[in-house]
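Each of the next two complexes has chain A plus one other chain: chain B in the first, chain C in the second.
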Partner chain A sequence: MQVLQSTTPLITNLNALAGGLFIISAFGIVATRQIRASLNFFIIQSLLLASSAFLLGIEPFSLDLFAVGGINIITKVWFMPMLLKRMVKEEIYTRREVTQVFNIPTSLILALILTILAYFISLPWIQTQRVLSIIHVNVPVGLAGLFLGAYTLVARREAVPQLLGLLAMENGAFFAGVAIAPDLPLIAELALAFDILMLTFVIGILTRTVNEHIGTTSVGTLSELKEGVKK
Partner chain B sequence: MSKYILFNILQVLVVMLFSPLAMGVLNRLKEIVQSKKGPSILQPYFDLLKLFQKDEVIPEESTWIFRVTPYIVFMAPIFVTLLIPVLTSYPLFWAFMSDMVGAGFVLALGGFFAVLAAIDTSNPYGAIGASRTRMVSFLAEPVFLIVFFTVSFVAGSTIPYIVQQKWVTPVSNFFEPSHILLLFAFVMLILAEKGRIPVDNPSGHFELAMIEESKDLEYSGVGAALMKWGGWMKFFVLMIIFSNVLFSPWGLASALGWGAILLAIPLVLIKVFIFILFLVVIESSLAKLRLFRISEFLSAAFVIAVIAMLASIFE
Partner chain C sequence: MILILFVSIVLVAALVSSFSKNDSRMATYITLLSSIITLGLSVHIALDIVFSSSHTIVAIADWVALNALGALILLLVSFVYFTASIFSIGYMRFEKPGSFRTYYINFNLFVFSMLIIPLIQEPNSVWIAVELTTLFSVLLVGFENTSAAIEAAWKYIVLTIMGAAIALLGFLILYWAARQVGIEHYTWDSLLIAAPYMSPVLLKASFVFILVGFGAKVGLVPLHTWLPDAHSQAPSPVCALLSGVETTAILYVILRLLPIVAAASAVDVNTWLIVVGLISVGSAAFLLLQVKDFKRLFAFSTVEHMGIILVAFGLGGNLAHIAAILQIIGHAITKSFAFYAAGGVLLLMGTREISKVRGLIRKSPVSAIALLLGGLAIAGAPPFALFLSEFSIIKAGLFKGEYITVGLLVIFIAIAFFAIMNHVSRMVFGRDDAKSSIDNKSYSLPISSKITFAIAFIPIIAFGLYIPEVLYKLTILAAATVGGW
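Moving on to the complex of A and B:
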C-alpha cells in the first residue's frame, strides 16, 4: 500500500484543525434550533472538507484532491444552498424547531458519545495500517461526521435539517475518503455532485408540497396516513 | 532574588491599577457601539474613590460572613496574580506556589464566599441570584476541568509558565486543534463565569433577572468598593490568563531588567485591549439567553472542550 510522504507540521496541524472544526460544525447541524443556522453550519462544514482536501493535496501534490475541493465548494457551498433557498419558502428558514426528539443538552451528550465511539472504532484500524499522522486525524473525524449526520436524521423533525443530516453523512464519508484513497474520490465526487443536486431537488420539491398542503415542514411528526381529509 | 520578588509585586500592582481602566474602556466602547456617548473611561476610578469615602451600612441579620466576604473577594484575584505570567515569560518568585487548578480553586473560593454573603443578607433577591450563580458555575465546572485535563495532556504540566512556552515553540503548534478549540471553550467560560452578555446582562438593573450583580446588592461604602474592585480584578486576571497563557504569549519581558519589564506593561495592555474589542463585538451582537438556555450554552462549551481533549489524545 502506498504510504504518504511526511508533510510539514504546519500542514498537519492545519488539517487537524479543519478536522476539529468539522466535528464542531456537525454538532452545530444537530443542535441549532433555527433552520438557517443549521444550513450555515452545513456550509461551513463543506468549506472545511474542501480545505482539508486542499491541504492534503499540497505536499505530495495531487490535482485530484484540488479538484475534489473545488467541486465541493461549487456544489455544496454555492449551488446547493442557492437551490434550496429558491425552492423552499424564506419563512421556513427563520422558523425555530422548538421540540426536537431530545432536548438540546441530552442531544449534545448523545452526539458526544457517538464521537468518542467513532474515535475508538477507528483506533485499531489506524494502528494496523502503516500510515502517517495526517490520516490519524481524517479517519476518526470522518467517521464521527458520518455518525453525527445519521444522528441528525434521527433527532430532528424538520425536513430541511434532515436533508442536511443526509448530506453531512456524505461529507463525513468524504472527509475520511480524501485521506484513505487520495486518487479515487474524483470520479466518485463527480458522480456525487450530481447526486446531491438531485437529492436537494427532490427533497426541496417534497418539502414545498408538504408545506403547501399541511402548512408544516416537520416531517418527523407525520406518522399517520389519512385519506381525503385535510387538516 | 530581590528582583524576582519586586517584579512579582509589580505584577500585582499592574493588575490592581489597570483593572478598573479595562472595565471603563469596555463600558465606553459598548456605549459607543450603541451610538451613545458613554461615561469617561476613568469612571470606575471615580466610583471607587466615591465608595471609599462613604459610610457602610450592614444588614441587621447578617453574620461575620457578610463582613469578611469583601476582603476575600478582593484578595483572591491578587493571590492568583502571583501565580500567572502577567509581565514576564520566566517564572517569578511565587510562580511555583500553585498551578492552574489551584488558581481556579482560589478564584472559586471568592465566588463561594460571595454566594454565602448574598444568602446571609436575608434579602430574597440575593438568594435568587446566589442560586443562579451556583447553577451557572456548576455547569461551568466540568468544562473547566476538561480544559485543565487537555492542557495537562498537551503541555505535560499545569503550571501556567510551562503551558505558555508549549503553544509557541514551534509556532505551528498554535494551530493544533486542541489549542484552538480550547480557546473557544475558554472564552465561553469567561463569559459564563463573569456574567457577560449571552449568559447575563451586566448592565441590567432589574433584580429578578440578575445573576451576577444581585450578589452585591446589599453592600455599601468600602464593602461595595472592594466587591466591585475584586470583580474587576478577577475579570482582568481571566483576560490575562487567556491572552498571556493560552492565546498570545508574545510581547512578555524575557530579560531580567527594569527596561524590559516596563516595556511589557503597554504591550500587555494592548493585548487586553484587543480582547476587549473582541468582547464588545460579542456583547453587542448577541442577546442575553433565557435562564434555562444557559445549560445549552455551557453544554456547547463542554462539547467543544471534550473534542479538544479527544483531538489531543488521539493525535
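Moving on to the complex of A and C:
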C-alpha cells in the first residue's frame, strides 16, 4: 500500500539543490548581524521552500503542493517582509545587532553541530521508506531547518530576528512536510498559512508595543518578570 | 447536531460582543447567558455519552465527534467559563470599565477555541485549534497593557509558537506514518486501529515532537518559563481559564496520542511520561519556595499539577489512569477557584507581591478565607478534591510497585504543600507592619466575586467528600479511552 514517489532524476537533483541552498540560507539567518540581511536570507529560504514544493508537485501532479508553494510566496516572500518593514522603525531595521549570545564563529560551529545532529536523528525515520526518494533529502534538511530556527530564536536578542527564527522553524517543518505529507488535505494547509500570518501580525503589534513601552526591540533585556530579588 | 449547536452558542456570544460598544455592559450579560447555556448543554452532552451504548456522539462522520474524555474536557471548560464570566463582571467594572468589547470578543473566542479541541477528530485540524487558543489568548494576556503584561504576552507567544512549530513536524510525521500503511479517513480513531501496523520509529518520533511542542503549552519543564509570567499578568478570570482548563485542553491532545503510540509495540512511552512529569513536579516544587508574587505562586502550582498528571498516566494501569482523570478534574476546578481568590486579593490590595499583603483576615475576611481555602485545596489538603486524587495516584503507584517514582512524587508534593501554605498563611494571618496599615480604607469585594467564590467552591468540597455516580462513570469511561486496561 506504500505510496510511491516516482520523480525524474532531473527533478530529484533540482530538489536536492534546493535542499542544500535551504540549509545555507538557514546558516545565513544565524550568522548575519544586520536585521535586513537576516530578513533577506529568510526570503531566500522561503523561496527555496516554495520551489521544492513546486518541484515535488510536478510529478505526480499535485495541486496541493502548488498551493503550498504559492501561499508560501505570498505570505513569506511578499507580505511578511512588507509588514515588518512597515512596523519596525528603519533605524532598528538597518542597525547591526551586537547583542548576540555567542559570537558568529561559535554560532556557526553550533549550527553545524545541530545540522549533523539533525541528519543522524532523521536517519532511522527515512529508513522506514523502502524506496529511495526525495524524502531522503527533504526530511533531514527540514529537521535541520527546524533546529537552526530554534537556535536563532535562542541566540538572537532582537525582536525581528527572533520572529525570523520562529518562521524559519515553520519553514523547516514544511520543507520536510512537502515530502512526507504531499497529499494532506489542502484546507489544512490553507489554515496553517493563515495561522502563521495572523500570528505574525499579532507579534508585529507586540513588537511595536514592546518598542513603545521599553524603547527598544531588544527583547533579550526583558527581565522584569522572574523569581528572586527584585530591583 | 447538538455538538454544532453547542459551539455555535459561544461563537454567537463573541459575535454579539463585537457589535456592542466598548463602554456598554451588554457584552457582559450576553457572555454570562452564553456560559449558562453552554454549561447546561455540556452537562446534557456528558449525560448522553454516559448513558448511550457507544459512549460517543458523532456530528459529522470523520470530522466532528466526541468521546468520554472529550466530554469531560467540555464539562470542565464550560464550568470554568461560567464561573469566569461571573468573576469578570466585578473585574471589568473595577479594573477596565472602558474595554468591554475588546475583552469579551477575545474571551468568548478563546473559550470557543478550547471547546473545539475535543470535538475535532482530524489530528491536523486539532493542531490548528490549539494554535487558535494561543492566538485568542495572547491579547487577553497583554490586556492590562502594562510593560509587565506586554513582556508576559511576548514570552508567551514566542515560546508557544516555537512549541507549535515543533509539534507541527510531529503531526506531519504522524501523517507520514499513517500514509505508509494507507489510512483512508485520517482521524484519531482510525489511527488507533492502524497503529499496530505503523512504523514504531515514526510513531515514537512524532510523539516526542508533539510532547515537547505541546508540552510548551501545557507548561512542562523546561519550556514552562512563559507560564508563570502569562498566568500572573493576565486578568484573573483569564488566569482561571488559562491555568485551569487551557492546559488541560492541550493535555487532552497528548492523551489522545498516548494509546496510539502505546499500541505500537516496542515503544515505552510510560517511562518518558514519568521522567518528564517528575522533572516538572520537582522543579515547580522548588520554584514555589521562592516566589514573590502570589499569582505566580498558583501559576507554578499548575506546572506541578501537570507534572503529577503526567506521572499518573506514566504509571499505567486502570487504577492510575482513573486517578489521573480525577486529578485533571480536581485541578481544573481548584485552580480556577485559587485564581479567583488571588484575583479578589489583587482587586482589594492592588499589589501582586506576597510581602505587601499581610493580615488579610482582619481587612477582608471573605477574600482571606477564600485564599486560605484555595491554598489548602490546591496544595492537596483533605478533605478537598485534589487530596482524594493525589492519594489515589500514590496508592496506584504503590500497587504497581513503583516505589522510587512514588517516593519522589510524595517528597515533591510535600515540598509544594509547605511552600504554598507558608506563603498563604503569612498573607492571611501575618502581622501587619506599620507601612501597610496606614490606609484605613474599607475593603469590600464586588458582589459578583463573592458569588463566584461560593459557586466555584461547591465542587471542590463536594468531590472531596463524594464523587457522584454519573461523574465517576464518566471518569472511568474517559480513563478507558487513554488505554492501559
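Everything below uses one rule, namely that the second predicted complex is superposed on the first by the 218 of 231 C-alpha atoms of A that agree within 3 Å, B and C clash if a C-alpha of one lies under 4 Å from a C-alpha of the other, contacts with A are read in each partner's own complex, and residues count from 1 in each chain.
To be clear about the criterion, a contact is a pair of C-beta atoms (placed from the backbone, for glycine too) under 8 Å apart; a residue touches a chain by one contact, two chains touch by 3 or more.
The shown structure was predicted, so the numbers you read here are calculated from the model rather than taken from an experiment.
**Student:** After the alignment on chain A, I want to confirm one thing: do chain B and chain C clash, or do they fit together?
**Tutor:** They fit side by side.
**Student:** Between chain B (first) and chain C (second), which, if any, makes contact with A:L146: first, second, both or neither?
**Tutor:** Once the two structures are laid over each other on A, A:L146 reaches chain C alone.
**Student:** Check the residue A:E170 against both partner chains and state whether it touches chain B (first), chain C (second), both, or neither.
**Tutor:** Second partner only.
**Student:** So, A:Y119: does it touch chain B (first), chain C (second), both, or neither?
**Tutor:** In the superposed model, A:Y119 contacts chain B only, not chain C.
**Student:** Which partner chains sit in contact with A:L83 here, chain B, chain C, both or neither? Use first/second/both/neither.
**Tutor:** Neither: A:L83 stays clear of chain B and chain C.
**Student:** Taking the superposition as given, does A:I44 touch the first partner, chain B, the second, chain C, both, or neither?
**Tutor:** Once the two structures are laid over each other on A, A:I44 reaches no partner at all.
**Student:** After the superposition, just quote the angle formed at chain A by chain B and chain C, using C-alpha centres and rounding to the nearest 10°.
**Tutor:** 150
**Student:** Name the chain, either chain B or chain C, that contacts more residues of chain A.
**Tutor:** Counting residues of chain A touched by each partner, the higher count goes to C.
**Student:** Regarding the shared-chain residue A:A67, is it in contact with chain B (first), chain C (second), both, or neither?
**Tutor:** In the superposition, A:A67 contacts neither chain B nor chain C.
**Student:** Looking at A:L110 after the superposition, I want to know if it touches chain B, chain C, both of them or none. Which is it: first, second, both, neither?
**Tutor:** So A:L110 meets neither chain B nor chain C here.
**Student:** Please give the least Cα distance, whole angstrom, that chain B and chain C reach in the superposed model.
**Tutor:** Chain B and chain C, overlaid via chain A, are at closest 19 Å apart by C-alpha.
**Student:** Determine where on chain A the residues touched by chain B overlap those touched by chain C, and list them.
**Tutor:** none
**Student:** Touching residues of chain C toward chain A in the complex: what are they?
**Tutor:** 122, 124-125, 128, 131-132, 134-135, 138-139, 142, 145, 147-148, 150-155, 157-158, 161-162, 165-166, 168-169, 172-173, 175-177, 179-182, 199, 201-202, 205, 228-229, 232-233, 287, 290-292, 296
**Student:** Mind pulling up the chain B residues that touch chain A in the complex?
**Tutor:** 170, 172-173, 175-178, 180-181, 184, 295-296, 299-300, 302-304, 306-308, 310-311, 314-315
**Student:** In the complex formed with chain B, which residues of chain A make contact?
**Tutor:** 8-10, 13-14, 16-17, 19-21, 23-24, 27, 31, 104-105, 108-109, 111-112, 115-116, 119, 123, 133, 136-137, 140
**Student:** Residues of chain A touching chain C in their complex?
**Tutor:** 1-3, 124-125, 127-129, 142-143, 146, 149-150, 153, 159, 162, 166, 169-170, 172-173, 176-177, 180-181, 183-185, 188, 191-192, 195, 198-199, 202-203, 206, 209-210, 213-214, 219, 222, 224-225, 227-228, 230
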